[in-house]
Amino acid sequence: MALTLAQLAEQLGAELRGDARLAVSGVATLAEARRGDVSFLANPKYRRYLAGTRATAVILAAADAAAATTPVLVSENPYAAYARAVRALYPPPAPQQGVHPDATVAAGARIDASAWVDAGCVIAADASIAAGVQLGPACIIGSGVTIGEDCRLIARVTVLAGAQIGKRAILHPGVVIGSDGFGMARVEEHWEKVPQIGSVCIGDDVEIGANTTVDRGALGATVIENGVKIDNQVQVAHNVFIGAHTAIAACVGISGSVRIGRHCTLAGGVGIVGHLEIADHVHVNGMSMVTHSISRAGSYSAGTPLMETRSWRRNAVRIKQLDGLVRRVRDMEKTKQNR
Amino acid sequence: MALTLAQLAEQLGAELRGDARLAVSGVATLAEARRGDVSFLANPKYRRYLAGTRATAVILAAADAAAATTPVLVSENPYAAYARAVRALYPPPAPQQGVHPDATVAAGARIDASAWVDAGCVIAADASIAAGVQLGPACIIGSGVTIGEDCRLIARVTVLAGAQIGKRAILHPGVVIGSDGFGMARVEEHWEKVPQIGSVCIGDDVEIGANTTVDRGALGATVIENGVKIDNQVQVAHNVFIGAHTAIAACVGISGSVRIGRHCTLAGGVGIVGHLEIADHVHVNGMSMVTHSISRAGSYSAGTPLMETRSWRRNAVRIKQLDGLVRRVRDMEKTKQNR
Amino acid sequence: MALTLAQLAEQLGAELRGDARLAVSGVATLAEARRGDVSFLANPKYRRYLAGTRATAVILAAADAAAATTPVLVSENPYAAYARAVRALYPPPAPQQGVHPDATVAAGARIDASAWVDAGCVIAADASIAAGVQLGPACIIGSGVTIGEDCRLIARVTVLAGAQIGKRAILHPGVVIGSDGFGMARVEEHWEKVPQIGSVCIGDDVEIGANTTVDRGALGATVIENGVKIDNQVQVAHNVFIGAHTAIAACVGISGSVRIGRHCTLAGGVGIVGHLEIADHVHVNGMSMVTHSISRAGSYSAGTPLMETRSWRRNAVRIKQLDGLVRRVRDMEKTKQNR
């Protein structure tokens, strides 16, 4: 796929400054680009590569245009324009249609004629696969599950428990949707399972990363609203609610019945205690544990700074003495005042 | 499935106060219940929904009965009674029997006639599948593995390394049992693999959540005793021992040769350093790192409280100065005393 | 498999002290060894078991030889010698050759005649599987992927995105290589996907643990150099670079574009913020969050010590007051000086 800069500018909605007839056929970083590539500047950290790039053209913000030595495509959102340039120059493979002979499809499963079911898939009798859906190899679609139009399940995705998945979802390998939540009742000296009979309801345009797990509700549903983006190895427990357009980075763990607002961002490794509520537009920094509900938009953090271990040992042990230390300081302050 | 309140009370071992002939056919939360549902009150947080519920009856403790406006089923353990109500009203699908034609079963595998092996399963020649076992789609049962009576492997479970699994285990999608432990010897400038030749031994009534991994022993076995419950995405390293009826929430990581007692509870995201021993009846709070053995029952925690990031930045940097601060306070105290 | 001590000593490059004709056929810990086993002493913690062991011989360092009551195999690196003894006495099963009839191999896939493809595998048309490769059950090898000589994919491994894997890699069940990175651009009120078009490049002698995920580059490749060892449930984001012979324990999360040096060790649960650089020979202790680049070899830590919850509650809340406390101490110090 090759495009002239004129064509590309039009597709990106960008303003071209430079020779409109030049062609590009690839996208690369400023440092790695070669002739024929379009590059981009979205992170100021990489501005130093702008002068020396071999790219044929660079997507950037108006403020950076003067510093460029190549034709430029000026955009108000250079990162989004870069994403669109990738989409234009690397179109995804054309969707396939039909059912691979090595798939196992139970009689009664509703699979739209325009959908594709690859080898090793196992589809239950009352599952429903909508138009344009692409099921990669070895996906398991359980009883009562609905997969909406144009979803892509890349490979080895498991969807159970009558989960309803909206349109255009992208589910990556190893994803499990609809596993049992961790529910059990203490009876004398042992645990008795609380049967999990709820479901999972996922909106449109949701993306879920490799080996992420989303449990079914205990009663009622675990809900992921439209446009939510979830990275790899995230755990979403039963009856969690995730508001629209929230983004969750890798290795986050969300306990049962947590309610997360819209437009939130959780950085990697965050953990959220059960039954909490988090307002819209909340950002939580990496590896923080959220131990109380958050009712105000804003940025939140926990954790201690990284130190050399020698120094950390000396300081960390003092945390155990912190309450005592505060009391000692208070005592001294009182003594002083009383003098 | 519908039951009269009389029938339900009998199955729950609960005391019915109200019209015994009323029928229920579903279970729902107090807020969401409709006529024909039984609901429950186990968490005081939800008491405010008791008066307004539309449920036909409510399972609750004697102390809450007076506040109810519906028939009630009084139980000493309302949460366990709720679990039983779910089991009574939503019986699991009847077990299947036989081997799906799209399963791959090596000659010599012992599969009880009452077991079920679904499509995409791969069973090794000397594996043994006991009576009543239900293997969902795409499970892999390796050489020398034994799966005990009435186990349910929901889908896509991998069991290797001659692992022995007791009765009635429930293993969720993506579980890996018997993967190699992380053992290697430093030889000059590289790592040499220590072959992992041990196994995994799992007791009866164990449940293991989606995408959890349990490594085989290096030598000897990784052991999970009866009644242990493990949530999603937990990592159990080689030669770990987990005592009976311990419950482990999601995203916990347990390093090699750790020995955990009975009736412990580990909250989500806890990490345990290798070779430690943890007594019976220990509770560890979420995301704590256990860095030393725990010889006494009790509750343990680590970590810092969540703050607004602005405030966290000011405070967290001070942790690096904590040892110095303690010394400064001590100096001032001495000066004062010497005056 | 049984070996005389003379044979074993030769294979280990160890010095035998004792009866060369005695035979051993197993390896066990000092405490569990029986007659016919060789044992080893590598961790001083287990020295107390040396006198009472029933092992036929013990692998140990010269300094420990005098304390032994059995024949000994003296080695400068007893742990590595133990690893070799296991390899000698428990040779892995002979490699298999061919393609199982229940595998799905697309026309055009290049599979060396000496490789093995087990049941349930799905191999794309332009994948390339080199000599001696062993693909266990249900592996998925995507378009353009190359698997180097003598690799072992134990079971249920997914390799996509044209990933190139070197020789002798060992990939454990549930591993996903080449999933999309978490890239998206904010456009007004929603997220737009940044198509991930890079690949993954893995060197020789790499081992990757169960359910670990390695994302493809956004542009360019995610790189894992020779001899890197990665444990279970590790997340490696797009465009990460991991230098040769670095070892990464379970549950580590590495954000996008992080560059890790050679011979590093990351303990369990460590998290690394995106775009950081870590020098060679850096060690990071368990569950630390790396928030800035590390330019010097050494050991680094973060986190707070484990306490009884009662004590933790009193101390942890003081962390929120720490900045104020430092100021109060400074004020008192000033007052004192001014007096």
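First chain written, first letter: the chains are A, B and C, and each begins at residue 1.
Convention: contacts are C-beta pairs under 8 Å (C-beta built on N, C-alpha and C of every residue); 3 or more make two chains touch, one makes a residue touch a chain.
The structure displayed is predicted, hence computed values, not measured ones.
> Please tell me whether the contact surfaces of chain B and chain C are same or different in residue numbering, using the over-half criterion.
Counting shared over all numbers used gives less than one half: different.
> Quick one: superpose chain A on chain C by CA and send over the rotation angle as a multiple of 5°.
120
> Could you work out how far the Cα centre of chain B sits from that of chain C, in whole Å?
25
> Specify, in ascending order, the residues of chain B that touch 2 or more different other chains.
Each of 120, 138, 156, 174, 211, 233, 251, 303-305, 307, 316-317, 319, 321-322, 325, 329, 332 in chain B touches at least two other chains.
> Across the complex, what residues on chain B touch chain C?
104, 120, 122, 138, 140, 142, 156, 158, 160, 174, 176, 179-180, 182-187, 189-195, 197, 211, 213, 215, 219-220, 233, 235, 237, 251, 253, 255, 271, 273, 275, 283-285, 288-292, 294, 298-305, 307, 311, 314-319, 321-322, 325, 328-329, 332, 335
> For a test of understanding, state which residues of chain C touch chain B in their complex under the given definition.
On the chain C side, the touching residues are 27-29, 32, 45, 77, 79-80, 82-84, 86-87, 90, 92, 100, 102, 118-120, 136-138, 154-156, 170, 172-174, 205, 207, 209-211, 227, 229, 231-233, 245, 247, 249-251, 263, 268-269, 286-287, 303-310, 312-313, 316-317, 319-323, 325-326, 329, 332-333, 336.
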